[in-house]
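Look at the two complexes coming up: chain A is in both, with chain B in one and chain C in the other.
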Partner chain A sequence: MPELGIRVLFMGNNLQRLFTGLWVTVRISLIAVLLSMVFGTFLGLAMTVRNPLVRVTLRIYLEFIRIMPQLVLLFLVYFGLSKAFGINLSGEVSAVLVFTLWGSAEMGDLVRGASNCVPKHQYESGAAIGLNRGQVYRYIILPQILRRLVPPAMNLTTRMIKTTSLVVMIGVVEVLKVAQQIIEGNRYTVPDSALWVYGAVLLLYFLACWPVSLFARHLEKVWKN
Partner chain B sequence: MDTVFIKEYIPMYAKAAELTIVLGGLGIAFSLIAGLLCALIQYFRIPLFKRLVNAYIELARNTPLLVQLFFLYFGLPKAGIHFSSETCAIIGMTFLGGGYMAEAFRSGLMSVDKVQKEAALAVGLNHRQALMYVIFPQALAVSVPALCANAVFLIKETSVFSVVALADLMFVAKDLIGLYYKTQEALFMLVTAYLIILLPVSVLAAYLERRVKYAGIGN
Partner chain C sequence: MEKKEIVLELKHVRKDFGNGPVLKDISLQLHKGEVMVFIGPSGCGKSTLLRCINGLEGIQGGEILLNGKLISTENTKWSEVRQKIGMVFQSYDLFPHMTVMENILLGPVKVQGRNRKEAEQEAERLLERVGLSDKQRAFPAQLSGGQKQRAAIVRALIMKPQILLFDEVTAALDPEMVREVLDVMLELAKSGGTMMIVTHELSFAKAVADRIIFLDDGIIVESGTPEEFFTRQKTERAQRFLNTFIFREEKGGDEA
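Showing the complex of A and B:
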């Protein structure tokens, strides 16, 4: 009887526990997003450097990180580092590390794309009307880059939040684990709770990501011209 | 690195890779069909269905595959709906991929100028012919990069299939780490296996992208 299962969500502090679990995921992704923005910007600018050695190294890093499933990267850091180098990172720290590495690669690519999109004559006209290099960047180039950058960066944030759900596989107690605990804890009293609890988790992720996606789309539309 | 160990367990990885390729391939194929259907429903603004499709796309794009699989595999049986592991994996991928593919097709269809359709109708094609011979080929050329990116993304997403009790690459790697404590070897083979699967796809994607770059009217 599925009508009965839903009550498990409102028993005790179950709902609050689910939110706390979601916060674990969201916190990991927010930290990783912030770090990725910083490193990704540098990475993106470094990719415009003409030095072939720098270019090739960055290219390989970027392609490797982007082609590997994020779960594989998590395994490499969580299981691999401890065995190979004796570095024992907790699940959460590994997750932040992996998502920062991955996010920086993605962000770097976005920054590179956005800065390549600004035509050369923008720099030249800026210089021609007497602005110095700093002013050209401050008033002409950066505003254009930011407009191209912010919507995809927000989409990247939602991707990060969604992908962070994988941390449950390396032993971080987040919303899915909490959901499992709640289901197991009520196995005898509410045998059909799984439907409702996992449904609730699905909804929670949706509520975390959807507003960001909507806002990104809105900005894209507003800034189009 | 223990090369003997690696040699011994290559067949296990090969079998797991086969599962990834088969399920990934089926998932991509079904996603393309689902995505195209959804995009056409949106393009022709079919009432009611249009709203359903919009809601579906938002839901598919804003929830992780892992949670969708948990819901399908552990949640739905409580409502009396049972799926096998493989079916769950394919349904999950189609659900997720359909949303992404629909967006890719939609942006392609939207990019075709309205004039193209009017011109096609003016030379006497009916709506179906106009879509088939004039609009869709142009839309497809625009969609290809996004479709390829989605295909790579979907193959990467297959890495969570171990949660629905499928012996995929991640499962094998974790198993070997747990059983023999051969972490480096197991992870090395894992990375190699994914590179072997994903590099050709990504190279093919880059090639297709270059091919369609100049497709379009007037180039």
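Showing the complex of A and C:
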């Protein structure tokens, strides 16, 4: 009976354990997202340079990272690196590394797209009133890129938060892993706990992603003009 | 006109984008208070000429002098030169993320380091002069094309440039808005502004110009007063060009 299943959430410190697991998820995502925003911005601006070699190299990187399933990348870094080069990374560090590699590529593409959207005559009208290159970027180009960037970047952020659930596969104990442990631990006493525990996990993911989209919506409203 | 000082001088300017010269051998002198209007067929190099003058394009030959000082050099401080040579473009080029007032203040405050309050007061005066007093806080997207161009003119004016360049500023406007922008330019010309104007509005050219320069194929084909140019063209090319307009105007009249 479902009414019984919900009990499991309030047994012992289960709820607290779930939140601790959620924090691991959020921590990995937050670090990876922040790093991705920084590297992605440089990557994206680098993709707009004239040098064809730079552009092609970055393009290949981007496509490679995008085509590879994130899970394969995780295995490659977590198991592959340690075997091949004796580099032993913890699951969490591997996760941050992989998600940063991936996030930077995606973010770079978003930045490139957003900066291509700013028409050439915006640079020129800035220059024509005597702004130097740095000022043109600071006052005219970057604010416009930023406004275009926020919605897709927030979208990417929530995607990254959701994708962190994959790190279960390399032994990181995050929210999903905790959920599995709770279900396992109560397998005999509460046989139908899966529905409730995974339901709770779903809610927790929602809690993690919701503020991001609220923030995005807020910014969009502020910048509406 | 003859006695007035020369503000800008071009000597044998040549511009080549890499596939043949676009400007071949342009020499001219712009005097203080003079209004010079460039006309000529599309693609003859009018925009390129203005863009070379304020350094948006480099030149491959010849010299450009501002107040007798060479500005067409490798290490020209264009940021300084452009404060003296304002430019208004054909496209609506206000910065879309800023209000009209912010657009106008950017130059005086960030480039010239002027006091914000003082610049704001001047901006208000200028906006009133072009009939945009009520649009200070509006964003460009809320303005009509004509209003945007008048705001763009104010943005250039507030820098107190010695010369203003206008590149077909009414070409992208709906016909009913052309007049309000041309009126502003006419008023600027009357109050002593030194200007170089590229336009296809021939009756405006006639009214505003001290000198008309007819460009074709990257060279100055004719140069003279509006009367000379419109009544007795020296070259067949200019005649042909003007004839296409007469035809166009007649045709437009039929349709109306």
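As a working rule, the second predicted complex is superposed on the first by the 213 of 225 C-alpha atoms of A that agree within 3 Å, B and C clash if a C-alpha of one lies under 4 Å from a C-alpha of the other, contacts with A are read in each partner's own complex, and residues count from 1 in each chain.
Note that in this section a residue touches a chain if its C-beta (ideal position, glycine included) is under 8 Å from a C-beta of that chain, and two chains touch if they have at least 3 such contacts.
It should be emphasised that the depicted structure is a prediction, and the values quoted were computed from it without experimental measurement.
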Which superposed partner A:Lys162 touches (first chain B, second chain C, both, neither): first
Which of chain B and chain C A:Val201 touches, first, second, both or neither: first
Partner chain(s) touched by A:Asp192 [first = chain B, second = chain C, both, neither]: first
Partner chain(s) touched by A:Gln135 [first = chain B, second = chain C, both, neither]: second
Contacts of A:Phe79 with chain B and chain C, given as first, second, both or neither: first
Which superposed partner A:His121 touches (first chain B, second chain C, both, neither): second
Between chain B and chain C, more extensive residue contact with chain A: B
Residues of chain A that lie at the interface with chain B and also at the interface with chain C: none
Complex interface listing, chain A residues touching chain C: 119, 121-122, 124-132, 135, 139-140, 143-144, 147, 223, 225
Residue ranges of chain B in contact with chain A within the complex: 58-59, 61-64, 66-68, 70-71, 74-79, 152, 156-160, 163, 170, 173-174, 177, 181, 183-184, 187, 190-191, 194-195, 198-199, 202
Chain A - residues contacting chain B, complex: 2, 5, 63, 67-72, 75-76, 79-80, 82-84, 158, 162-163, 165-166, 168-169, 176, 179, 183, 191-199, 201-202, 205-206, 209-210, 213
Complex interface listing, chain C residues touching chain A: 54, 56, 78-80, 82-83, 86-87, 89, 91, 93-97, 99, 106-107, 110-112, 139, 141-142, 152, 155-156, 159
